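These notes open a run of structures that come right after.
Same chain, two partners: subunit A is paired with subunit B first, then with subunit C.
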Partner chain A sequence: MNKAWLHFVLIACVGCLGFARAQDAKSARQIIAEAAVLSDDSDSQVKLVQSLTGLGDPETEPLLLSWKEGGIYLVPGADGKKVAVTLAGDPDAAKKETAIRLDIKEPLKDAAGASVRVSPTSAELAETDSSIRRAMKAVTDLSKLAAPNAKDRLMAISQLGMERDVSKLPILEGRLKVETDGQVKRAVQEAIALTQLRSPDAAVRLLGCKALEEIHPLSAKDALVGIIRDSEKAGDKPLLEAAKKALSAVESHRTVVNFFGTIFRGFSLGSVLLVVAIGLAITFGLMGVINMAHGELIAVGAYTTYVVQCIFAEGLVLSPFGMQMSLPGMNTTGWVYEMYFVIALPMAFIMAALVGLALERGVIRFLYRRPLESLLATWGVSLVLQQIFRLVFGSNNVQVNSPSWLSDNWTINDVIFGWNRVFVIGFAVLIVIGTWALLSKTPLGLLIRAVMQNRNMAACLGVRTERVNMLTFGFGSGLAGLAGAFLSQIGNVGPSLGQSYIVDAFMTVVVGGVGSLIGTVASALGIGVIDQSLQQILGNPVLGKILVLGAIILFLQWRPAGLFATKTRSLES
Partner chain B sequence: MTHSLLVRPIAKKEWTFTAIIAFFFIVVMPLLNSFGFISDFTINLWGKYLCYAMLAISVDLLWGYTGLLSLGQALFFSLGGYMMGMYLMRMIGDMGQYHKDMPDFLVFLGWEQLPTFWKPFSSFPFAMVMVLVVPGLVAYVFGWLAFRSRVRGVYFSILTQALTYGASLMFFRNDMLMGGNNGFTDFRFILGFDIRSPETKRGLFIVTAMILTVTFVGLRCLTRSRFGLVQQAVRDSENRVLFSGYSSPNFKLFIFVLSSLIGSVGGALYVPQVGIINPSEMTTDNSLEAVVWTAVGGRGTLIGPIVGAVSVNALKSWATRAYPDLWLIILGGMFIIVVLFMPKGIVGIPGMVRDWLAKRKRQKEPMEDAAIKKTEEEAA
Partner chain C sequence: MKFTRKLFTSTLALAALSTLLPAQAQDTVKVGVLHSLSGTMAISETSLRDVLLFTFDEINAKGGVLGKKIEPVVVDGASNWPLFAEKAKQLLEQDKVAVTFGCWTSVSRKSVLPVFESNKGLLFYPVQYEGEEMSPNIIYTAEAVGQQATPAVDYLLEKGYKKFYLLGSDYVYPQTTNLVLLEYLLSKGVPLENIGGGFKKDESGKIISAGKYTPFGHTDYQQIVSEIKQYAAGGDTCVVSTLNGDTNVPFFKEYAAAGLTAETCPVVSFSISEDEFRGLPAKQLVGQLGCWTYFQSIKSPANEKFIADFQAWLAKSDVPGIVKEGRVTCSPMVLSYVGVYLWKAAVEKAGTFEVEKVIAELEKGISFDGPGGTVTSQKNHHVTKNVFIGETKADGQFKILKTYDNVFGEPFLKGTFKSK
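Presenting the complex of A and B:
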C-alpha cells in the first residue's frame, strides 16, 4: 500500500515537473484559475495543482488556501464559459460583489463589457475534493521548501524532517541538489538521513545511518535507538553496526555541545553574579559596610527600567498610598522604542545611586564602626523598600520586554548563544574595566583607596572622608542599579527580586576575597561555571545550588579570607 | 575565690521577681483560662509568643553575649519543629486522606512503606532526643568548621545565611521526604491528647512557660559564671581572650550548639501550637526578625529578648490586622530606629532616662555652685 502510494507520488511528481516546465510561462495564479474551473475532471485538477510544485511563486499558498476555504467562485463569463473569480468584498444593496478574475486580477466583464456582480450566497463555489486537498497540502509543504528566505526554508525542512515521510524523500533530495545556503543544506541532509531510516529498503536505511554518523545531528538519537532495537530483532548486523556508530557519533557530539553550552551558560551566570556582586564588592569589600539592602537597590534599577519602558510606550499609572499618579507615555514604536533600554541603563544607575546616597546619609554613616549593626539597620531598610515596591508597583511581577536586539540568538554548531546572555557577558567586562579604571586611574579612585585603607590617616592629610564615603557608596549603589537593569532582561521583576540574588552576591564577594576586585571577578566566573556544570551533571538545579553553597563553606575552611586575600599586618582585619 | 569577688551574685530581689513572673505564666494564666477569664485564643497566642521568646533568647545568647550574629537561628528553630512534626505526623496514624498508616504526602509520592528513617519517630522520647540531636549536630559541624578557620563577625553572619538558604532549598524538595513545599500539617494527637482541644493547648502553654523559665534561670547562672565572663570577653575582644590562653573557638562552639538547642526546643514547642511547619519558616528573614525582637527588647540582657519577642509580636498581631500594608514598613523602621537610637532596647530605657537625668543634674550642679558663689560674693 505504502509502496503503491510512493510510486504514485513519484510518478506524479516527475510528471508534473515535466508538465510544469512545459508551461513555464504560466504563473501560479493562472494555473489555479485553470484548475478551479475543471470541476468535473478531478484528475486534471490534481495534476494542475501538483504542477505548482517548485514554481516558488509566493502567491501559491494564499491562493490555494482561499480555494480550500471557499473563497473562489465559478461565474459564467462573456462567452458563457465558467471563469474562476474572487469577490472584491464591496457588497451593494443586493449583497452582490464585483467578481475579479483570478487569472488576471481584473474585474470580469460580461458580453456588454460591464463588470459582473454576483452574490456570494448564490454563486457557484469552486469545490475541492479530498484528492485535490491532499495535492494542495503537498504543494504548500513543498513551496515552503523553495521559499526565498533561508529561515523559512529551514523551518519547512525541519518540519519535513520531523514527519519522516518516506514519500517526501525525492523532494528533499531534489532540494539538496539546488540548495546553496550551508545551514539549510545541512538541515536537508539531516532530514533526508532521518527519513531514510524509515525506508522499507534496508540498503537505504544503512545509507541513512552512515549519513547520520557523518552529520551527527542531536535530534537523531531516538530514531537511531529505534533502528538499533529493530535491527537487533531482525539480526541485521551491518545495519546494527552502522546505527551504533552513528549513535555514538551523535552522543559524542552531544557531549561536546553540552560542554560548550555549559561553559557558555556558566560564563553568563558568572557575569550576572559579577554584575550583581560588583556593587557589593565596593560597598562591602572596600568600605566594609554590610548592606543588606543591596538587593533592593538592584530592584530599584529593575523598576527604573520598567518605568522607562512604560514611558517609551503608553505611559503608566501608579497608585502608591492611595494616591493616583500617572506618567505620560511617548507612544514610540519601532527602533525608537527598541532604544528604551539604552536610556534605561543610565537612569537605573542614577536612581539607584540616589537611593544609595540617601541610605548612606540617613543610616549608614552612623554605623561605619559597627558593621554588625549596619547589617541590621540595612536589613530594616530592605524591608521598608520591598514594601514600598509592593505598594507602588503591586506585589505581582511587572512585565519588562526585552528589546528585539537582545532577544534573538546565534546557534553555532548546535550550541545556542542568546544575545541577552552575550550582552551580559560583554557588559560585565565593561563594568569591571570601568570600575578598575575609576579606582586605579582617577584622582577620585586614589582618594577612595586612601580612605578605605586608613580613614583616619586620610582625614589627617586633608581628605574629606565623609564626602568620599558618600560618593563611593553612591557609586556602589549605582552599579547595583545597572545590575537591576540587566536582571530585568533575563528574569522576573518583582518586589523580592533583590532577595533572590543577595545571598549569591555576598557569597561571591566573600569567596573572591573582600576588598579585591579581581577576586570578585574570579569567584563570580568560578561559581557560575561550577554551578552550571553541577546542574548539567546532576540534572537538577536545586541540588547543584545546595552543593555549591556547601562547597563554598568548605572552601572558606581552606582559604578563610577568600581567593585573593588582602595581605595585612593588622590583627583585627 | 576571684569568682565571687568579680561576679555579682544573683540578688534575692531578682529571684523573687523571676519567681513571680514565672508563677503568673505557669499557674495564674492557665487558671484564669480554665475559669474562662482568658480566651483559648489568647492562651494559644501567648504560647506562640513564649516560643518566639525561646528563639529570641537563643539569638541573644549568641549575639548579645558572644557577639556572634547568626542568621541561622530560624534554621535550628524549624529543625526542632520538623523533628516534633515528624512525631506528630506519625500520630495521625491512618486518619489521613489516604487512610494508610503513613503521612499523606508519602502516599502521594508513591511510597508503599514508611521510609526507614521515619519509623522510630513513632516514639515520643526518640523524637524529643532528635529535637536535640539533629540541630545540635548541624550546629556542631558547621560551628566547628567555621570557628576553626576563625570565621568572625560579618563573615559568620554571611555563612550562616548561606547555610540557612541551602537548608531551605533542601527542605523544599520533595525527595527530601519531609513534605516538600507544604511541610507537615493536619496534626491530630500529641501523647494521646487531641491537639486541638483547649486543654491540650493549655497544657502546651504551661510546658512552654516552664521550659522558658528553666532556660532563663539556667542562662542567668551560666552568663554570671566564670564561663559567662569568658564568653563576654570573647565578644569584647577575642584576641585578648586568645592571648590569655583561652581557646575561644571552643567557647564559641559550645555557645553556638547550646543556642541552637534552645532555638530547636522553642521550635519543637511551637509546631504543636500552630499546627504547621514548612520550609518557609527556615529563612534568613525569620532569623533576622528574631534579631529584631532581641534588639528591641535589649540585647545583652536575658529579660530583654523575652520582652522584645512578646511586645514585637503583639504589635505584629495588631498591626497586620489594622494596617496590613504597612506592617513591614513598621518592622523595618523599628529596626532602623532601635539600631540607631536605642542600642539597649526597651529594657535599657530606664537606664537611658537615668543617665539623662544624671547628666542634667551634673550640668545643673556647677551652675548652682556658681550661683551660690555669686550670692556669697555679693554678700561679701
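Presenting the complex of A and C:
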C-alpha cells in the first residue's frame, strides 16, 4: 500500500520533468548512443549522461548498465563514422555477431546495404571512466530510491545526501514517510538534515542542525564546520549554538567509533600475528628448533594459493630451471572461481607440510641437540628456497585476487568490519582450537607432549621419537602454509614474503613464552591491540611500531621467559 | 708437430685481431648504462636497461651517431647507493664513456651527482622525481613535480573534488612532492582543513611535512584506510598517493575491503606505471587514476611503431636472463629512449662527443618526436613534454582521460605558489 503510493509520487515527479522536455525529447537510447561514441570527450559524455536524469525512460537503467559492463561496441558505419551498437548474440562460425544500432534498434548496414557482423573480441568497446560512471550512478540512484533491496536504497540515499541538492528535499521527505528499514531510515534522515543545511531559509538550517545533533553522522563534520563559520560571520547566535552542539555530538560519536574500530583492528592484526606465529610456536616453542626458514614455509602456502587460483582460471605456464611446464586451467568463472580459496587452504597446508617434512628429514633431524647449527642451516635453507621461488615464479610479485566474499564489509554504527578481517579472526580461533585439540585430545598429541618434555625417557618407553618429531614438524610447517594462504589475501606474494613476517613471528612466540600455546595467543592479541591503539593515538604508523618493540625489549628484561613461562623439572633445561 | 702448427696459426690470428681491434674501436663510441640489475630495485631498473640496449641497436642499425656505432658499457649498481658512485667513477675514468644513462631512485642520483660534476661527465636521468635540483652535468628527462603532481591535482579540482588526502612512502620524493602539492593546493584556494593526512610543524609553526607516511614494506593499512573512510564521508574527496612499489598491494586490498571505490573516493598514484602493474591485483585498482608523460595506450603511429619494434627486439634478443613474456612499455622506459635520441641529436648538432659542447646544444633546445609526443630540452636541463591523466583498466593499461600539451619542466617549485 505504502509502496504503491510512493511509486505514484515518484512517477508523478519524474513524469512532470519528462513532460517539460517532451518537445525536444530524445529517448534514453538515442542519448546514450550519442554519448557512447564521444569516447575522446569525457566532459560532453558526462553532460549527456546527466541529461538522462528525470527522463523517466524505463530503458535508461539497463542501457547504462550494459554500457558500464562493456556491452556496447563502437563500429564504423556506412559513412566511416563510428556508431554505437549492441551485438545480437547470434554467433556464426567465425564467432561474429550482427551489430544492432543502439539508437534505432535496427541492424547496422554497411555502404552496400548489408548488415554488419563483428566479433565481440576484436570490436572496439565503448569505454567508461570514473567521472562518467559517477554521472551514471547519480542517474540510476534516483530511480533506485524505491528499490526493493535495502542496500541499493542505502547507496542511492547516501549519494543524494552527498549531493545536498535542496530541490531534491521533497523526494527524500517522501521516502522518509514510507521507509521501514531502520538503517535506511537513518540514512534518509541524515541526507535530509545535510541537505537542509544548504537551505536559504535560516529556520530550515536550524532544523537541520538539530536533526544532525540527534543522529550525529560522521559525514556531517565538513558541513557543520561550514555552517559554524558562516553563522559566526552573520552573527546568527541560535544557529551557531545548534551547529556547535551538533558538531560536538558528531565528534563524540567519532571517538566511540574510533575506540571500537581500534579494538577490532587490534584483534585482526593480533590474529594475523597469531596465524603467522602459531606454526612457529610448535616448531620453535615445543620442539626447540630455531627454524629461520619458517617465513619461506609461509611463502610456500602463499604461492600454493596463487597456483590454485591460476588453475581455477586460465592455467599457468612456469619455466623453472629453463624447463617449460604448463599447468592446465579449468577456466571457471563466477562463484566456482570464487571458491578457489576454499581449495587453496588445505592445499597450502599440505604443500607447506611436505616441504617441512623434507626439511626435517634432510636437515633438522641431524641438528636436534645443536640449536646454533640448526639456526645457520635453516637460514641457508631459507635463502635456497627464496632463490627457488625466484627461479620458478620470477622475481616480480605475483597477483592473487581476493574472492568477493573476502573483499566487502559490514558497517555497523559506522565501525567498519572488513570481511577479510573478520575471516582472519575466525580463522585464528579455529586454528588455535584445532591445535589445542590435537595436542591435548588425541593419542598423537599425547606422544608429542611426551617427546617434547623428555625425548630420552619417551624413547625408553617405546615411543618412536623420530616419527613423532617428523610429524610435529610437518604439522607446524603446515600451519605456516595456512598463514601464507591467508596473507596472500591481504598483502604481497613474492619471493621475500617470508622475510617480512619472520621477525614478527619470533617476537610473538618469545613474548608469549617459549613452549606455551596460550602465551602465543595472549602475546599476539596484546601486541596487535597495543600497536593499533598507539597508531590511533599518535597518528603515525612508524612511531607506534617502535614503541611496541621498545616495550617488548623492556618486558623481556623483566620477564626473560615471556608471559607464560613453562615450568619444568627437567635437568636439561 | 700438428699441435705447434695449430698454436702458430692461432697466434697469428690473434695478432691479426689485435691489429684490427684498435681500428674497430675508433668506429664506436662508449656509452654507459648505470642501473640496478640486482637487489630490490632490479625489478624496475632492468626494464630500463632493456629499453636502452634496444635503442642503441636501433640507432646502430641506422648508422650510429656521427658515423660511430654505440658500444654500451653496462654496469650494475646493485641497489647499493655507494656502489652507484663507484660504478659511475669507473665508467667515467676507466671506460671514458661519452654519456651515461641511468639511476632510478633519487638517492642513487644524489650519490653519483658529485662524481659526474667532478669528472665533467654527462648523465641522463629518466624517472619522475621531486625536483629542487639542477646539476650542470645531468639532463633530467624525468617528470618534474610540475609535470605530474600539479597537473593531476588540476584535473581533480576540475572534476569537482574538494578534499585531498596525501599519502606516501617515507622518503625524499613523496615528502618533497607533498610539500609542493600543499603549497599548490593552498594557492588554488583549497583550505588547510581540506588537506588530509596530518601535518608536522617545526617550532616556528611552519609546516615541514604534509600527509601520512608509511615505511617501505609496510603491510598493515587498516588504520589509515579507516581514517580515509571517515575523512571521505562528507564526499568530494580523493587520495593523492605517492606510495611506492609493493606497499600498494596491501593498501589497495584494504581500500577495496572498506568499501571505498574509484567512484566514491578515487586514488591518483604517481608511482604505479604499466610496468609496476605486472605485480598488482588489477581488480582492486580498476578506475583509479595515474598521471605520467607517456602511456602505452597512446594512439599514435610513433607509439605503435615503438611498441612493435621493442617487442620484436625482445623476441630475438639474446641478452642473458632477459624477460620476454608479458612485457609492457611505461613512462620511465620511454624517457630513457627519448634521452638517447636527444643526446644523439645534440651530438650531431655539435659535431663532437665533447660533453661541454653537447650540453650547450641541449641547453639551446633540441626537439624529438617520441612515442609520447614531441619533447624539447630546456635551458634548465629539464624537458618540455606532454602530460597525460589516465584511468587504470583491468588489463593493466590506462585509458587516457586528459592531455596537457607541452608542459614546461620546472624543478624549483617549492615556495613559488602564493596562498590566497
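Going forward, the second predicted complex is superposed on the first by the 422 of 573 C-alpha atoms of A that agree within 3 Å, B and C clash if a C-alpha of one lies under 4 Å from a C-alpha of the other, contacts with A are read in each partner's own complex, and residues count from 1 in each chain.
Methods note: a contact is a pair of C-beta atoms (placed from the backbone, for glycine too) under 8 Å apart; a residue touches a chain by one contact, two chains touch by 3 or more.
A quick note: this is a predicted structure, and the numbers were derived from the prediction, not measured.
When the two structures are aligned on the shared chain, A:261 is found in touch with subunit C, with no touch to subunit B. The partner that reaches more residues of subunit A, of the two candidates subunit B and subunit C, is C.
By the touch criterion defined above, A:462 lies against neither subunit B nor subunit C after alignment on the C-alpha atoms of chain A. In the superposition on chain A, A:363 makes contact with subunit B only, while subunit C stays out of contact range.
In the superposition on chain A, contact is made by A:506 with subunit B only, not with subunit C.
Judged by the touch definition given at the top, the superposed model places A:290 against subunit B, while subunit C stays out of reach. When the two complexes are overlaid on their common chain A, residue A:375 makes contact with subunit B while staying clear of subunit C.
Judged by the touch definition given at the top, the superposed model places A:542 against both subunit B and subunit C.
In the superposition on chain A, contact of A:182 is made with neither subunit B nor subunit C.
When both complexes are overlaid on chain A, the residue A:443 reaches neither subunit B nor subunit C.
The contact surfaces that subunit B and subunit C form on subunit A in the two complexes overlap at residues 542.
Contacts from subunit A toward subunit C in the complex involve residues 42, 127, 129-131, 133-134, 137, 162, 217-223, 225, 254, 257, 261-262, 265, 268-269, 272, 394-402, 406-409, 411, 416, 418-421, 489-492, 494, 500, 532, 535-536, 539, 541-542. Of all the residues in subunit C, the ones that touch subunit A in their complex are 42-43, 159, 163, 170, 193, 198, 212-215, 217-220, 222-224, 226, 229-230, 233-236, 246, 249-250, 253-254, 256-259, 262-263, 266, 278-284, 287, 289, 323, 391, 393, 399, 401-402.
The touching residues of subunit A, when paired with subunit B in their complex, are 290, 363, 366-367, 371-373, 375-377, 379-384, 386-388, 390-391, 503, 506-507, 510, 542-543, 545-546, 549-550, 552-554, 556-557, 560, 571-572.
Chain contact summary for the complex, subunit B toward subunit A: residues 63, 67, 69, 142, 145-146, 148-151, 153-155, 157-159, 161-163, 165-166, 169-170, 172-173, 239, 284, 288, 291-292, 295, 325-329, 331-336, 339-340, 343.
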